[in-house]
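Some structures are shown below for you to check.
Across the two complexes that follow, chain A remains constant while its partner is chain B and subsequently chain C.
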Partner chain A sequence: MDNVLGYVGLGAYTSLVIFILLNMMLAASIQVVMASGVFSMASVAFAAIGAYASADLTKYYDVSLGVGMLVAVAICMVIAPIFLVPAQRLQGMYLALATLAFVLVFQVFALNAANLTGGALGLFGIPILTTLPAVFLAAVACAYLLHITQSSRTGRALRTMRFDPQLATTFGINLLRYRLLVLELSAVLGAVSGAFTAHYLAFISPNLYGFGAVTTALSMAIFGGLHFWTGAYLGAGILTILPQLLLGLAGWSDLINGALIVAVMVFQPGGLLVGLSQAARFVRKRVPALAR
Partner chain B sequence: MTPLLEARGISVRFGGVVAVADFSFVVEGPGVYGIAGPNGSGKTTALNVITRVQPLQTGSLCFGGIDYTSWPAHRVAALGVSRTFQNVRLVPTLTVLENVMVGLHSTSAAAGIWGSWAQLPSARREERRSRERAMELLRELEILETASQLPSQLSYGHQRRVEIARAIAGDPKLLLLDEPTAGMGRSDAELVAQLVRDLGHRRSMAIVIVEHNVPVLASLCDHLVIMLAGRNLTEGSPAAVLSDERVIEAYLGTSASRNPAKT
Partner chain C sequence: MLVLQQLINGLILGSVYALFAIGLSLVWGILKILNMAHAAIFTWGATAAFFLLRWVPLPLYLLIPAMMLFTGLLAAIVDFLAFRPVRRQQRNPDDAELATLVTSLGAAAVLLAIDVKVTDNGAVLSYPDALFTIQRVTIAGITVTNLQIGMFVLAVVLSLSAAAFIKWNRTGKAMRAIAVNPDMAAMLGVNVDRLTIATIAVGGALAGAAGVLLGVAFHAIHSEMGEPLLLKAFAITILGSAGSVVGALVGGMLLGVIEASVLTFASASYRDAVSFGLIVVVLLQRPKGIFAGATGERL
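Moving on, here comes the complex of A and B:
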């Protein structure tokens, strides 16, 4: 095992880097829907479904990681349109609650469908197939997909929807179609992140995919900033590293972690990314050499 | 000839409140049309019905002979209908240029989502064309220097100009302006008035202006409709409408004191 992970030269940090990349995709799964005004927390359910699907397939049917991942993604993409029903009717917090309920319902399902999920004890002995290069490639591919989606005509439509759905409609933006698009993207990102996680931990259980996971993924996306995919990646990076840095502080680490999130929310509600771009604009104005 | 817009017998109720009752409005073709009426007479609701954002209880809507009464709102833009809003509605996280480009959404649909994902040359070309068109409009409205700013950095008058640029970006056949000069300073208001006259003359575009300020409207439009309590009160050339007894009554109160003999 050490040989597999050690060859990239990151040694002891390999595990941390993998978790950062996995969290980046999960946080992006939430960002991509939130940034278009669809307050869906379903990402965590997609991650759980992706994890169990790929784990079962590779463990019991001996399929490769690639096949397990594809089936996991396909299942989530089939489920995603279900969320159009609440998304077309509910807004903001109400939609968030409805999708959160779905996450919790799936958790209950995982607890009880023991022959598929191992029940409360969890699923053991999942083949360890996740490698750093594979996760890295997946994270880059997701970033590229998100970038061309969010910086194009589609991206303008999604941002318009978030702030003013009626305005979007007036200029010919089909809300249903774009909501389906972001839900599908969210499903793909969640499933990929979930499947890689299962094949890295070798063990998954229902309590990995409850309310705690929702708050973690959500705070990463909001901490970094919801406007653009880079916010989710930045937030996931920082909030994955931070607890590791604070590990020596024992009980204080949660407190400092929480306080930092609250501080960013209070002083920079748009997320860290907005703060950084404002700082960059400020520096460019003050230092003419950088302005070119 | 089929009229450009034909709205007949429109009624809208909000609970027990009747906002629009049996309202009819016909735009024959290019020109400047005005809808005036006191506050609360249903003018904005009428515009919302025409753009299908507001569901209607009764009535029919035709555009160039096409019945679109039951169409979803997002398809109306592709007919060639565009509008501005009474209060500025720009997307705060998009730059001024990008906000104007939102107005080109339905006319730049050729490459679509898949095209832009695959980074097809046609999608890139379209994006560049949209950008150039938006820049051209910003130049026309004398706010080119604000292109890369966020709407919040602009004055109110400039924000309204961005809204107008967005509305005319897709070269609509029917442009609906909801109180275009409300809250504007004189220079901004004059620019808008001049623009409306230019658009009416140069392009083959029908413009519908909603205003409660009748004198402003009368100076701009060729055909004026007065609404009162959600109904058509009267319509015709501005001069004829403004001398109508009922219009004066609607604006200045009952004529009982001026004309005690009335029964």
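Moving on, here comes the complex of A and C:
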């Protein structure tokens, strides 16, 4: 089962595909809150907590991946409501910085709580339990969860909330409830992504969950387009593949990566998804056979 | 006495943090841009000074203005090439904020990649010793170096002149008008594009000065030197209210002193948690910062 891609001669890409799927869930974890006007960067902390929780449980208590994952998700879901405190009071970049600060505080905690996290050296020997089918199923399940949340009455409520919180309130949208909903969803996505990552890399360290991780996940979500979950999946896909494609250009890959992000933002500030839907509309208009 | 010594060291280091943070704070408060490339511009200042010194052995007092000119120009170019087109495209201010944030991340990646390339894959460099001879002065049991005194004085003078410029100069007043309402400012004849570039350039210039100073103070220049400072600058900006130069100066010194106290009384491993903890506490208790005022709405 593990070597699904191997059967079609693409075994070499297994690791890349797994990373794409993991990043998709992490990017979606940021997208789901950002798209509702809750600028939370806590996803990276959720990923870290999920990773350490599941890694510790499977490593020291010999539980299965499923149990480790469930506990990781449960812990993050218990922690998520904490973020309602800043989310109810702060907006925009201020909320982003408050949650970023939480991520970094957690990183310092991970550096110092050596008996739980292995400290700065990291946690070694995490059982490798992540398989491509498992991650794929998880990513599909997350996509389903995101889809029913975002393309429904709830989704419209969330978009209204981002567009104008006051307006949302006058429509009878309970901001607290919906903010809790998206934070919980963000926690689940982050925890699942984090736990799978830990069980794939077999090694995690606090370095993986710092400022760099926040900026990467954020770029993926916004690069793809924030307004719908597909944007996060698209952005994560492209920004995970791109550095691999540029690997031959040793050293310049970061530059091209950065320049591409700037270029997309300059020409398509709403994200790639907006560009794609515009292109689709353009094609539909020009090609009569496709016109509806 | 040791405690006092540590606090003084913290205060001086904090004044250079402030020099860096002012650019971030101004650009955030006035232009609503959270400029992640600020750290890269700072690093470029430090690195470029290294290469300039190889070419012409300038004394420190000429090197700093030269680098300020360079990083100011660099920041202006970043705005011209990256931020301005994004601003033009995006009408909704929230979306523009996010789009410029990601653009600045991209710009930072480009600048840092080049920095890593030119410094032999991110090697740690240091300025020649001849650049500055350090002498110690002991006053009432407190030892400070001439470099520390210079850093402190320069940081305070530069920040206060920036503050005075924004408060009293006509152009500075126009900047504050942009902070309150860019459209109204434009209607009243303020050239918003030009002032935006000017604001970013001033911030970049101050960051360049901070880059050279910290490069000299730590005997080390490397491409990663900006990131921890960027995180500190977030805390300083929050503490001192975005857009307030004096706030950033006081906030920077405060952060320096607090970090030094944590270092003295607790453990070095928790020092970094201080600035992050400060962000959370200040945002929840006094979200407008300690120096709210000067510029428009903040939340």
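Simple rule for what comes next: the second predicted complex is superposed on the first by the 282 of 292 C-alpha atoms of A that agree within 3 Å, B and C clash if a C-alpha of one lies under 4 Å from a C-alpha of the other, contacts with A are read in each partner's own complex, and residues count from 1 in each chain.
Assume a contact is a pair of C-beta atoms (placed from the backbone, for glycine too) under 8 Å apart; a residue touches a chain by one contact, two chains touch by 3 or more.
For clarity, every value in this text was computed on a predicted model and none was experimentally measured.
Of the two partner chains, chain B is the only one touched by A:A157; chain C is not. Considering which of chain B and chain C touches more of chain A, the answer is C.
Of the two partner chains, neither chain B nor chain C is touched by A:A114. By the document's definition of touching, neither partner reaches A:A141: not chain B, not chain C. Residue contacts after overlaying the shared chain place A:Q166 against chain B, while chain C stays out of touching range. When the two structures are aligned on the shared chain, A:R89 is found in touch with chain C, with no touch to chain B.
When the two structures are aligned on the shared chain, A:V78 is found in touch with neither chain B nor chain C.
In the superposed model, A:A98 lies in contact with chain C only, and not with chain B. In the superposition on chain A, contact of A:T149 is made with chain B only, not with chain C.
By the touch criterion defined above, A:L181 lies against chain B but remains apart from chain C after alignment on the C-alpha atoms of chain A.
On chain A, the surface touched by chain B in one complex and the surface touched by chain C in the other have no residue in common. Residue ranges of chain A in contact with chain B, taken from their complex: 145, 148-149, 152-154, 156-157, 159-160, 163-164, 166-175, 181, 227. Within the complex formed with chain A, the residues of chain C that make contact are 28, 34, 36, 81-82, 85-86, 89-90, 94-103, 105-114, 116-117, 121, 227, 230-231, 234-235, 238, 269-270, 272-273, 276-277, 279-280, 283-284, 287, 298-299. Those residues of chain B that touch chain A in the shared complex are 51, 53, 72-78, 82-83, 85, 89, 91-94, 98, 101-103, 105-106, 108-109, 111, 113, 116-117, 119, 123, 126-127, 130, 166. Interface residues of chain A, counted against chain C in their complex, comprise 34, 37, 85-86, 89-94, 96-98, 100-102, 104-105, 108-109, 111-112, 162, 211, 215, 218-219, 222-223, 226, 251-255, 257-262, 265-267, 269-270.
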